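The data blocks that follow each hold one structure.
After this come two complexes, each holding chain A, first together with chain B and then together with chain C.
So, the complex of A and B:
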């Protein structure tokens, strides 16, 4: 029997206003070489100045992932030449990274698993080189973007497990608001490493896999690689320690040119930056950035609001949704109703319109108002759905919309009784059928009254009156 | 007290004075070769608020061409940056311009500050104003020569292992190497980041002090800079001096004795100190400096700026050609050395070991300053040397850095001063002080200056130089 060992190296770009060592805007998608200055372009004579926001976000991640914090984090130069790297060394951390020995808990195959974090360090991202025909084009907008690298221990064994860890991690960083976790745009990137060995023999020869642009590719590439190595091992072949690239067109890993692997990075402490010593004041600021994580929040939702696991899962997937939900409940909405509306009606509209909850006309206040109108019987269920659509279409409060459109429920008993009498008189055959024991025409009669009132009659009351009168 | 800039104030605001000055610089620099670029107009253009009352109003100063000044070249004396015009200005220069100072030109240097003669410049030759056949010293040779010949009131240089003090000594002017971190390095092109500091060349102690007071201070753009405060108080009147055979040329040895005699006569106690780590200064310096240089100079590839070969097949070849054609041999040697000492598996033996020794050197000075208030020592074992066979080769020049590198390794302030003129050439001595003790240096050297003022090179005596 074989055992496989998977570790991940995850890079996330931190959501700071400016770059990590200069004041340039940190933003994806701008015109090439517009967010640059002498510092991030590596002009002679410039110096890096550490962005406090970047280091604060880094420590928030380190704390969240249960790391031991270095009392003295040291920046070092990692030396190698590449045209997209302006200084031809990357300011990174090596001997004393800011966080070490943490963990992420996940659930895999129905069991809880703890994946250890080897280290977390802060570094600067490089620019981008694009080859176009016989030209190489360089864009340095990304150069100097704060990049946090999270290195796990080889504690996973299957591609599926790595995929779950990545999804879990992605949700966590989005919760923390430190990164948008967009693997397609590259704000979150992942390299994987895997080795296999006979059970009980410990780690085998490590193979690294690069070019993994989604968590699905991470899973596929790892499973492909495990199978490949097992087959090779079984045939008595030797596994080479190497770096391979995932080919997403052919669904295979392929060896990368070995030239790249012979690097000696010649790390040494960055003389331009003093060691970072996290003081009490700084750590207090870090603690302010800590939030309740999705797993804990889910458990609390089930317990506190009596939600099903599925409903809670849906609500906590995005922090914005969970915050919106709690705000709605805080404003008086019934927890179950608020959950159901967010999960079904609201989500349907958002999906249809391609909108985000955080950026749409519906606010927690408006949803709470709608649900209270419904609970008080001032509108009924079908109208409530109409009101919701109207909120999205017209960007107005539910109360105002109901007034403007005359959508209040008709619940005056004497008024309704008159309508029922009219309907009974006009539909003698249906009345007879009901009296004979067929309940179906009852619905037809309700429908007639609803039609007559333009849908405003409270259907529950209409039904009650009909039953009384036909008896 | 009278302003040390008095003779130069509003110099460039007066058209007659300015013409006389510019004509003089043109004639003098044809022989000296201190400037790589001279343009008073452009310098005046950098002064945004020409307040005639500002303390540096209209005062011409020069800057070593390894310090950035917007709109001026930033060549570092190298072919690889020959065409680069700086898009920004160094903090130290900005401060001087804000006081009304006029940055008139960029001075020659050993390529990227690597050398002791300024002959390692790829872009020009600088002669010593005292003897055209001799070097001006280096690496800030252009700055020292410009000030010595009266072509600027003062000049900024950079000192990584003696590069302000040694040329100042060779040219007979004052040369200050401040405490590491006292002056922002923002805009100083890095040679060895943990050793580099911007320094001052001037013809008087008070001018040196005034310039230092302007350029010093913490800068958010340089996180290794410090405010420094008022510095340590004068502790005692004990001056530490070196004993034993120092390997000095006779003229330098005579000058050392002369200064010791002077201070003794002034009532100072001279105490011989034992600097146990002295034999390690040069090897430790060259290990650390070259290691840092190998990374600092990696950015010059011709990709974004600077020298570019006519043709390259791919980015790797572009980089290779730009560097092999653009750098001079001394720079290549130091990059190779630095790369070598940082190799994985060898760091313990070289780079890490050098760091441990550097700590021991610091401790050695802490101990020395426990007893002495100041340390007096030579700057260089020889006077300005000749070019060619009879001069010093590159290896001898490195060995001769043994008196200057200590202050950089320990991060301490040091200042060289003209101690004597022997055989028609100036000789410099230097004081070292505890960290942020620049004022102690100025005060001590001022005593000497009162009796032995800054000498004037016989062929360069413009009327605006004191003593001409």
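So, the complex of A and C:
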């Protein structure tokens, strides 16, 4: 009988070399206050200048999220007095943000859902503060780094749905290469708002939740908050419009004390920055940054390569994996085999060694070579796995490793036939059992020959020969 | 004509600026702010139709290539009243 309404405000740090309005380095983890200059430290008399890559990446996100692009994006000063911003205002956007009225399509509870985007705007991030006893420590390395804010409409209804949206969004920005989406390090941050009301009565009184530094916490905090509000409502209580903090140690939301007047930001146009007008040339550069998104790529993988939805899902999760896969196939590997090897054998080694596909001795060329050796019967399955391990250990091509180690399969039929004859003669009891209809000793006989050849005999051929000879 | 600022609005503005003003401060500041507002009022009466004034001039975007041009961070830190390592120290304002 209750309806819940969830909206998200997502902030992402853009992957630029320099800050958004000055030439300081934009990098996480540097020594405190090394990447600062008079512009981002708010010295008088300085002039901000817009970073063209920051604005390009912003429009790429706006286009990807189906937004109407502002023909005249205006920067405004958001005034507030807090030491994380040395200027006493943040350059942001208010009256004419760069993107509006977009959407993200997700799948929730087995159904397609469209979550509308209210707006997207570019702003500068604030510095970091560490509160230590009676003093606060300030680090302005982050002050002035480009931050893109994406505001959704309150179109979601459960914590799980918000979690899916966030995961989907994260994958998208990583595909676009605009942000690494690391919620723990804070390169992607999320605030949520939620209200409940009786069915059909529209939005309720909005509660904002902050301090959500993983998509799981977003889900947990929202579900906690919906339950809290329903109980309060049910008891005839009043929901207060407020900001609450997620307490990750106690798994609850708690009210945050704020001064109401603090929300009067007195926005006005930034006199030091002209409005940004995206021209045809700029928009062409934006279009070059658009990529095939994970959902579309997944659908194509299923259709074009005949993969299962699960295999395609795995491959498209990271763009690097999907690119690697397609390159392997392009080099001649069978689509199903390449998918299976990446999904199981290769992933197992990467996980074990804590390595990334993009940064390991296995290349698409080497995987394609390995799979072609396997498909041609020059090595058999068990050896192929050994070769894969050797590629990782020795950083050499599969073909070279097989030669060096003498791992070519023994597939010479007359040689194998002689070995089979020997085995049959030495194991008369097993042969009799097979003749009597028991198939189990066949495996034993294959094992004997494999042992004798140090595992090099092609097991498929051995089995065939055995069946021919025991008749 | 802009209406002169009443005391309640002045109090809110002072609060937003983290200024602790006494009744005396408010009275004297009220007069000064009024003068500033009057000045803006007379500026607003000027006929600017057809002038580019008030609009950021150039038709072209003013952009900066995404290049690092590191400045002298250490010199800026020397201006900080108190440091802890490379952190700037201020009283706790949590």
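Keep in mind that, in the parts below, the second predicted complex is superposed on the first by the 468 of 471 C-alpha atoms of A that agree within 3 Å, B and C clash if a C-alpha of one lies under 4 Å from a C-alpha of the other, contacts with A are read in each partner's own complex, and residues count from 1 in each chain.
In this section, a residue touches a chain if its C-beta (ideal position, glycine included) is under 8 Å from a C-beta of that chain, and two chains touch if they have at least 3 such contacts.
Keep in mind the model is a prediction, meaning the values are calculated, not measured.
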Quick one: on chain A, after the overlay, do chain B and chain C clash, or do they fit? Just give me the call. clash
After superposition on the shared chain, which partner residues are touched by A:77: those of chain B (first), chain C (second), both, or neither? first
Answer with first, second, both or neither: which of chain B and chain C does A:41 touch in the superposed model? both
After superposition on the shared chain, which partner residues are touched by A:24: those of chain B (first), chain C (second), both, or neither? second
For A:324 in the superposed arrangement: first (chain B), second (chain C), both or neither? neither
State whether A:268 touches chain B only (first), chain C only (second), both chains, or neither. first
Name the contact category of A:89: first (chain B only), second (chain C only), both, or neither. first
Hey, is it chain B or chain C that touches more of chain A? C
First (chain B), second (chain C), both or neither: which does A:50 touch? both
Taking the contacts chain A makes with chain B in one complex and with chain C in the other, which residues are shared? 38, 41, 49-50, 79, 81, 83, 136, 138, 264, 266, 271, 273-274
Touching residues (chain side chain A, partner chain C) in the complex: 16-18, 23-25, 31-38, 41, 49-55, 79-83, 130-140, 259, 261-262, 264, 266, 271, 273-277, 279, 282
Given the complex with chain A, which residues does chain B contribute to the contact? 66-68, 74, 76, 81, 84, 86-88, 90, 185-190, 193-194, 220-224, 291-292, 294-295, 298-301, 303-305, 314-316, 318-319, 339, 342-344, 347, 351
Sort out for me which residues of chain C touch chain A in the complex. 12, 15-18, 56-59, 61-71, 73, 76-77, 84-94
Contact set on chain A toward chain B in their complex: 38, 41-50, 77, 79, 81, 83, 86-89, 129, 136, 138, 264-266, 268, 271-274
